[in-house]
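Below, each structure is written out as structure tokens.
You will see chain A twice below: alongside chain B first, and alongside chain C after that.
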Partner chain A sequence: MRNADLNSGGSKQRRKERIDRGIKARSSDVFALSSWREMLYLAAPRFIPIVGCLMLPLVLGIYWQKVLLSVAVFALLAISWDILEQSGMISLGQALFFGMGAYAAGVFNHYFGWSPLLTIPFASLLGGMICTVILLPVLRLRGIYFSMVTLIIPLMLVRIVEATKIFGGTEGLSGITPLPSKWLELYLIVGALLGALFGFRRMMGSDYGLVLKGINDNDRSVMNAGINIYWFKAQALFVASSIGAFTGAFMTHVYMFVGMPVFALDYSILPIAAAVVGGPGTMAGATLGAFILVPLSEILRGIGGLRIVIYGLFLVVFIVALPEGIFHYIQRKYHQFERWVEV
Partner chain B sequence: MFVGTVVYAVINSVILALLAIGFNLTFGISGVANFAYGALYIFSAYLSWMLLNLIGLPFFLSAIISILITTLLGAMMYRFVLQRVRGQALSEVIATFGIGLAILELFQYLGFVGFEYTLPVFIDNSFMIFGAYVDMQRILIVIVGAALIIFLWFFTHHTSLGLAFRGIAQDERTALSLGINSDRIATLSVSFGAGLAAIAATIIIPLGSISPSEGYDVLIKALAVCIIGGLGSTGGVIVASFVIGFAERFTDSYISSHWTMIVSLAAILIVLSVKPSGLFGKQKELEERI
Partner chain C sequence: MKPSPLLRVAGLYKNFGGVQAIQDLSFDLAQGELLGLIGPNGSGKTTAVNLITGFVKPTEGEIIYRGQNISGLPPYKIIRRGIARTFQMVKPFYQLPAYKNMIIPLYSPRVKKMVGGKYGDRDAVALDLLEEVGFERDAFVAYKSASVLPQGYLKRLELAKAIALQPDLIILDELFSGLSLAEVASIVPIIEKLRLEGKTIIMIEHRLKELFRIADRIIVLNFGEKIAEGLSNEVMESDAVKKAYLGAEA
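Our next item is the complex of A and B:
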């Protein structure tokens, strides 16, 4: 290799040069493809996850199918976190969205006997709406207020459910109708994950997403452009909390139970950890993070509570040492080649 | 009944103020929201428990050592982690949250839960105040709380270090041009915040027992008080802790102890919707960097 020669040269100054691959340089906005190879270059990163997700339920055993289920749930929660993060809202309480959806689905199924196919979409919208209304006052403030309020509300709601004994109190509501079949369960959540991943990536790339990202970068210039930022923030919050509520409603029907654990800290921490490890700012990073962390935590099941310690340390290490996350790193390696050049 | 409730409400308010003041100090000066606050509180309590019971030091010595070590831990947290991500709200929040989580869950994992994990009271005695029995520890809490607040006020208004603290809080760039090292002050502010958490733990823990879930509780209480009072405003914190402290104690006595958490939550939501920056939040809505 040339590198080795240069190393032996000793005193020569070198620097690393990063160059976009030709296809990337030509096709980053206009697609002018000239060969199968180039088409594959662009299509493979999209097709591999799609085909992978659709095939996985068929090849996995029953235990790992359950793991795939929770991977998809946490990936969706991480995507929801990522949407908020890109719009300038740092949530520390995805459990709020998850729990609202879970309780909404549980209540409508338990007390009114609605079928799961009805409660899941309904609970997604209702849960999203309740969370948006609760958090609406906080949208008027910037920065960490949103984090503080989202962190404490789920923790307080647990106490309230415990104290007032509403919706089954500490016992929770059991005997919730399950979904009709195991395959429907798996493909519903995997389909939702793929739909959310590609759909919301597209949304963030559109003009609408640009406004949301603009609010994160500089809210005052967005206001100067005559755009009502509170209205856009509320919309982003509604979208994100509906995704969270959907996962909650879904898991209620999978577990056939809803109770206080739905507000547990796990549902807040793991999605953030997944998004941070995978790389915030692209939904794909959040999904990748969930695909790494959730199976990892299944393998590490033996060490019990130490898992959360490890997540906590993961968060710190990644934020300090690799803030871009794994996905951005892979993306760069895929689109660019690097070489050492003499200065 | 009424007088007793008032006495206990005052004590409860002082406890809340003690819990919140460290978080508020750190945030008010350096703009770092220390989500590891509850964990530092629990860390110092366990540390003095270990020094007391495993090594056998006298209580006062172990309390002082644990306060000093916690203060040092706060400083190290800033130096090695927060300084690298300074000014990025997202990274600061996640990093402090991650540290706090790791500390609390480590204690949970190690199994430090139970009634034997508690610190001794300073003086075992009780008094009759206006017809209500109050033990010496609670009176000490009120005295220490009041003394700390007066000390902090004096410190930030009449010492050069305290004035530097306020300078950084008001305008970092101007303070820099006057030769105040912003990183040094921010390190001190995080470590002082941690130290205040440790002092609060030393004096409040004897009323109950140490457990990791207490760490989350402390964080919730500190955040609730700061949200209602307006972040970064010491007067706001004191008023807010009295509002919540009285509201909690009175619902406890006259309605039911289950409803105390609902009262705090309702207070937060009402204050946020009426005056989003808190009762005494100084900045205008969009000016706010919080």
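Our next item is the complex of A and C:
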């Protein structure tokens, strides 16, 4: 190849070069742009998901619009899981956050008649606070011990609701006010998803996020910098549980019902599956995972009894074939794009 | 009259279950002094450091720093008062480039207090600090991921992380272990520079030759007890030290 080029004489020599070589200035977050095309190369991966998400509600039918709600909810729960994972807390209890927010919104709407536009932000913060306080005593636990506690608490809460018959007991609370319009519903959740995705990606990329990642990597070393790791972990927990509580509060008003199913295991497990399939540690991976797994589960609905088997098979194939996660794979390939340059 | 010491350790005891890791350890450390802490393996040197920095709680005894009892405080509170340490087993954040490792100590409330609330650009400060400990700026070593750096650089990074906290007392836990003679020779001037800046230093070392050259005073531990204290040539003359090291230093 090289020889042929040399022998061709006269004509200019060309070789292939990775596009990002000229753009990246050694570090992954400093760029040197010299053309619109290079700008586009950087902007496209951010631009496409934004436009795509904003367009989706317009092009989908009623049924798939409902699926989109569910996709966005699970994507947000997966982002919430990912924030905790990056801060060194493996949670198996996203259902706790979801359920807390759902009940908070339901109770304030049902008993006090607050409008959804008030209950949703309020329940997000209140739910986040309650979850953080519940989990404060176990912040010292690491690894599987923390996970076990997060797994058990939502299951306990279900039984408490059942036994004490509070908030409607097994019947739940129905007749919750819906959101004023379908479009508000769709764009509220899509906007929240995009805001959370880009906002929290930025947060984790900042020096503050670096401290959180440091806790995951080596908590003693962070402690050795005079940083109170439990305070930082509590902050991460509050952020993550508020996101979860937001989705719960939102779904309460979509279903116009809140009851024991909000603490179901699905809300804990599916977000983890989405984050793992998509690629943990980026939040974009978690979102991508939700955009694949939730519609997949809908498509398979027609199959009937074997649905779970095929769904499980898909999961296994994804994880075996791309253990790094789909997003990491795509990201790597994107950075390897080449162009011809003149030498 | 002697000025009051920067650090006073008085009657310190620590047992792990039935094991007496530290027994009745007492010493004073004056501002600007370089104290060498030596002893055979398992003699309690690292435990002593863990006790001073709060990673381990003492069973009994007092640690007075600047006239205040700090024993039993959590590590982050002790470190905020100006005591920084390195770990014998280096603890870098392997996923990150070397200079990003520095961001975490630079994020510390201690640094905020020292620079008066103005951090400036942490990346730039990190690169400057790393250059000081020998990360050649021209070779871009500081941009390399910590996971690919050789041991010598990881030890320097560990030292830089401690220096970044602008401490008054620096505790170096076997900084020289696992380094070549040339690497040690290149780190010694950094330590001497810290002394010129008036830092107080405790060094735990097995490399006695290098330590004796720079230390003001040596404390020898064996089975958690202080068996000798004094100038370097004095302690090595002591019978108790000879006995403790016999076999250990064949």
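One rule holds in what follows: the second predicted complex is superposed on the first by the 286 of 343 C-alpha atoms of A that agree within 3 Å, B and C clash if a C-alpha of one lies under 4 Å from a C-alpha of the other, contacts with A are read in each partner's own complex, and residues count from 1 in each chain.
The working rule: contacts are C-beta pairs under 8 Å (C-beta built on N, C-alpha and C of every residue); 3 or more make two chains touch, one makes a residue touch a chain.
These numbers come from a predicted model, not from an experiment.
Taking chain B and chain C in turn and counting the residues of chain A each one touches, the greater count comes from B. After overlaying the two complexes on the shared chain, residue contacts for A:Ala163 are found with chain B alone; chain C is out of touch.
When the two structures are aligned on the shared chain, A:Asp207 is found in touch with chain C, with no touch to chain B. Of the two partner chains placed by superposition, A:Leu60 touches none, neither chain B nor chain C.
Of the two partner chains placed around the shared chain by superposition, chain C is the only one that A:Asn228 touches, whereas chain B remains out of contact.
In the superposition on chain A, A:Arg220 makes contact with both chain B and chain C. Overlap of the chain B and chain C interfaces on chain A: residues 220. Here chain B touches chain A in the complex through residues 33, 35, 81, 84-85, 89-95, 97-103, 105-106, 108-109, 216, 219-220, 223-224, 226-227, 231, 256, 258-259, 261-262, 264-265, 268-269, 272-273, 276-277, 285-286, 288-290, going by the rule given at the top. Across the complex, chain A is touched by residues 53, 55, 74-77, 79-80, 84-85, 87, 91-97, 100, 103-110, 122, 140, 143, 161, 165 of chain C.
For chain A in complex with chain B, the touching residues are 85, 90, 92, 134, 136-138, 140-145, 147-149, 151-153, 155-157, 159-160, 162-164, 219-220, 265, 269, 272, 276, 280, 304-306, 308-309, 311-316, 319-320, 323. Looking at the complex, you find that chain A touches chain C at residues 26-27, 207-208, 210-211, 213-214, 217-218, 220-229.
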